[in-house]
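Below, chain A partners chain B and then partners chain C, in two separate complexes.
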Partner chain A sequence: MRLFWLEFKRFTTSLAFILYTIVTAVFILLNVWPMIGRGLATPPTSPTAHYELITTTDFHPLKTNALDQLQEAHTDNAYVTYPFGFAKRVTLNAQVQAKVGKLLNQARRIDNRPTLAKTLGHVDQLLGGHSDYAPATLQRFAVRPMTLAEARQDHTLIMRKDRITGAYARLFADIAGIIAAILPTIVIIAYCYIDRRAQVMPTIQAKPMGTLKWLGTQYAASVAGLIIPVIIAALALFGRVTWLYPGVALDYLAFAKAACFWVLPTLMVSTAVGFLSDALFSNFTGFALQIGWWLIVMTIGARQVIGNYGWLLIPRHNTLHNVAYFYAHLSELAINRLGYTILAITLLILTMLLINLQREGKYRGLHIRPAHH
Partner chain B sequence: MNTIQIDHLSKRYRGQSRPALNDVSLTISAGMFGLLGKNGAGKSTLMRILTTLDQATTGTVQLCGIPITQRAAVRNQVGYLPQNFGFYPNMTVRDALTYLAILAHVPPRSQHRRINALLAQVNLTDQACTKVKALSGGMRQRLGIAQALVNQPKVLIVDEPTAGLDPEERIRFRNLLTEFAQDRIVLLSTHIVSDIEATTNRIGVLNQGRLLFTGTTAQLQAQATGHVFTRTLPLAELSDYKSRYEISEQVVQGNTAHIRFLATAGIPGANVVAPTLEEAYLYLQSRQTRQEVRQ
Partner chain C sequence: MVYTFGQLTIKEIRANEFLPSLLTIAFCGIIPILFTLHPTTIAQAALPGEMFMPLVAILCFGGIFLPEQVAGVADVLNSKRTQLLTIYLIRLGWYTLLLSLVNTLLILSYQLPTATAVLWFDFLTKALFIGSLTVFSYAAFGSLAAAYLIPTVYFTLCLGYPHLGPLNLMVLMRQQSWTDNWWQLGVAVIFLVVGFRLLRNAAAKS
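And now, the complex of A and B:
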């Protein structure tokens, strides 16, 4: 425990941590604070109001949205695909354009989902794959504004299951996840780099303590430090919610649950990537790798931000609504978070193995030196 | 069993034609032992192997009866001050020692008392709350020796500890090492002959990975006896002497130069003098070079 405290103190008094704390807290608060002002306690009543978007299982909005987008792309001969998550503009030759036009006309006459998925799957193939029309990603088109009845059900879920704070906490977790997936890697690599320049490692590595205990403590202290600005932002947001909803039964643990079960696994992974990168490359290469991963996840997530979990490092739920989707996919989110927690631990074990090799003189940088006996 | 036993130790790094250590055998018993050699001689490689931070290609080492392959057990017996010692810059001296005491498995109940005693021994009590980055070079080295002693090791290994220190700090540091050598093995690696002269009479000399000599300083000096000369000569002849002999000392006064130099045989007009340790070391190195050229 004393070692943990020394590591925690060392980490939280570093310049890298102070800058990280300011940037992270400000980023979360700037993005979430204005949304807190949107009242959630008032039930929807107007049949003509334009309510928030929801993800739906209805066939009609899926077909309409997909074909509207395809029609527009076909007219301009400007399609977009997403190889490795990055947007790529695709222009077709006249022959393929004609085939897409034919498939588009066929699709207009289809009245069931499997046939539509098959037809648009052909379009995806003609575009070279990785488009929104692939059967696996077609669901993203199933978004539409809520009806009054759905808005009422959404409101009921917010009041009864979320107890208001839950809805804000989801939005908070969505935003916090964006920054928790990238900044900790940068902070840890910079932090380790400063230690490396101070030539600390030979002294530490010659001591008898096992690598697992030493690295595990350092990792735990870093994660405990890195979550601080997330908690600060959560407390500030929670304070504002309680001030805006006096006398309302709130879920007092909603922000804590969002921070621990939603944001923390992301932060654990990006922290572990930082340590692994330092052990693997002894330089800043990990920056580029993590930024690449982050960009891919952000791009994939950006195609559907109001409820998109799957295997994203940053599960997206950038709305106060679409509550039914959240509860329907809670197990998917839980598996996602558990998976990333396991990944973080795996990366840490890999780091430990590399450091053990370094301690035995078998590994320097990326060149493994086999033992000669 | 308070010895370091090194038998036929070799270390070869991939991609390097010459081995870093070449069939080194050496027995070091309790007290101070100086390992002398120029930069690149293989001293740091040997230190790293003895501290389990590197692996030998061939050969065996036993530290206080423990084979070097039993890393955890060896690390419990060894204190190590690496070359260019540094520590977390933002930590205070006391926190740094506490941190390393925990890593060295010092029992929590003993930590405070032991750290206070070490701070007093290395004269850093007043700097206990100073951050590591604010320490002078000498203070940092004293912190280095304190951390190496925190687990009360049977073997203390110090690698080039006085490099970069001013004369006052260097003398203070040598005295510390001598104190600590009273009840353990202290292996001092250095390329500075005066460090050895001031601390021990038991030495080994490494050159290009080979152990050229092991014995006492007197034995090393005896090997060079009759090969060190002194002469006063006109300044114009100095460059000629420099090209023919290894000059160990020269003082120029006006148009004359007073020199000490090394030669294999007597030189007319030159007086034989007793070699210093530095001259004996230079003689050993130049003899080795000559032998290699002949071979």
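And now, the complex of A and C:
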């Protein structure tokens, strides 16, 4: 425990950590603070108002939206696929175009979801995969504005299940996840670099201490430090919500749950990537890998920000609404978070093996830039 | 032995920037996999230059301060005829050139002659803006972490924060006027001038 506190103190007094704390807290507050208002407790009444988007389970909007888009793409022979999340234009030859046209006509006559998914799945295959017509992503077409009845149902869920704070905590977790997936990697690489710069690595590696204890303590102390600005932002936002909703029954643990169960696994992974890339490259080269992963996840998530969990490192829920979707997919989100916690531990074990090799003098890192041992 | 500026540049690039430059080119090699090389709109054409190249720029420009991180080396170098500041300028120039080359190849592959100049100016501005922010962050805080952290946070803010005005890097992607790039270029010049002044002052004090 003493080693943990020594590491924690050393880590949290570093300039990198202080900068990280400031920029992370400011980033979260800049993005979430303006979204917090008094309006969430007011029930919707206007039948003509334009309500927020939801992901619906209805077959009709899904079919209409999907076939409208496919028709347009077919007419222009300009389809879009998303390999690694980035949009790419696909042009088909006459033979494949004709096949897509035939499938489009077939799809128009379909009146049930599994058959539509199967038919559009064939379109996806003809496009080379990664399109919106793949069965796994077809749900994205089922997004539309809420009706008054749905807005009332959404409001009921916000008041009864979310108890106001839950809705804001989801938005907070969405934004905090974006920054927690990238900045900890930089901070950790910079932190590890201090030891290399001071040329104390041989001394540290020769200490009579197991790698598990050494790395495990360093990792735990880093994660404990890196979550601090997330908690600071959560407290500030919670304070604002309680100020704006006096006398309303709030979920006082909503922000804490969002920080620990939603943001923490993302932060654990990016921290583990920092340690692993330091062990692998001994410098900032590993940051390129994390930034590549982060950008891909961000672009995949950006295709449906109002509720998109799946296997994303940064699960997206960039809305105060779409509450029914959140509760219907809560188990999916839980499996996602558990999966990334396991991945973080796996990356840490991999780092430990590399450090063991270094301590035995069998591995000295892939040096793309000058490294200091 | 006294080297000319040209000889020094070649030696410096060969010694410290050759492998990172190859890595940069390899990293940029995934552009054709990630993005379309046959865009139909300027917004689509701007995606790699505004979404991907700023991140490559963070990696490149953040690295210009790496080789002298060993304690005391900076002081030794500053006592020599060629100051460390000159070395930084050479590296900054080299990476600006390298990224411009990648941008040029990318834009030429688009075959969009009417948009070539606008895209080229836009992409160059992104690299310079991020590069100058990296230099300024390092100079202001004297920390490598700052050189990577601050530009990354700024880029992330550009993705979703709506109040950056003409300083939002996603100009053409969001169908803003290309002239916003003049603001970004102006700020980049200020960051570079202030950043290098701070570095010079720090070198003089050490």
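Please note the rule applied: the second predicted complex is superposed on the first by the 352 of 373 C-alpha atoms of A that agree within 3 Å, B and C clash if a C-alpha of one lies under 4 Å from a C-alpha of the other, contacts with A are read in each partner's own complex, and residues count from 1 in each chain.
Here is the rule we go by: a contact is a pair of C-beta atoms (placed from the backbone, for glycine too) under 8 Å apart; a residue touches a chain by one contact, two chains touch by 3 or more.
This structure is a prediction, so every number in the text was calculated from the model and none was measured.
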Contacts of A:Leu295 with chain B and chain C, given as first, second, both or neither: second
Contacts of A:Arg140 with chain B and chain C, given as first, second, both or neither: neither
Partner chain(s) touched by A:Lys9 [first = chain B, second = chain C, both, neither]: first
First, second, both or neither for A:Arg303, with chain B first and chain C second: neither
Most chain A residues touched (candidates chain B, chain C): C
Touched partner set for A:Arg152, first chain B, second chain C, both or neither: neither
Which superposed partner A:Pro208 touches (first chain B, second chain C, both, neither): first
Which superposed partner A:Pro83 touches (first chain B, second chain C, both, neither): second
Shared chain A surface residues [contacts with chain B and with chain C]: 198-199, 369, 372
Sites on chain A touched by chain B in the complex: 2-3, 6, 9-10, 13-14, 194-195, 198-200, 202-210, 214, 359-362, 367, 369, 371-373
Touching residues on chain C, where the partner in the complex is chain A: 16, 19-20, 23, 27, 30, 33-36, 38-40, 44, 47, 51-52, 55, 58-59, 62-63, 66-67, 69-71, 141, 143-146, 148-150, 152-153, 156-157, 159-161
Complex contacts: residues of chain A adjacent to chain C: 15-16, 19-20, 23, 27, 30-31, 78, 83-84, 86-89, 91, 175, 178-179, 182-183, 186-187, 190-191, 193, 197-199, 283-285, 287-288, 291-292, 295-296, 298-299, 368-370, 372
Complex interface listing, chain B residues touching chain A: 12-14, 48-49, 51-55, 57-58, 71-72, 75-76, 78, 80, 82, 84-91, 95, 98-100, 102-105, 108, 132, 144, 147, 151
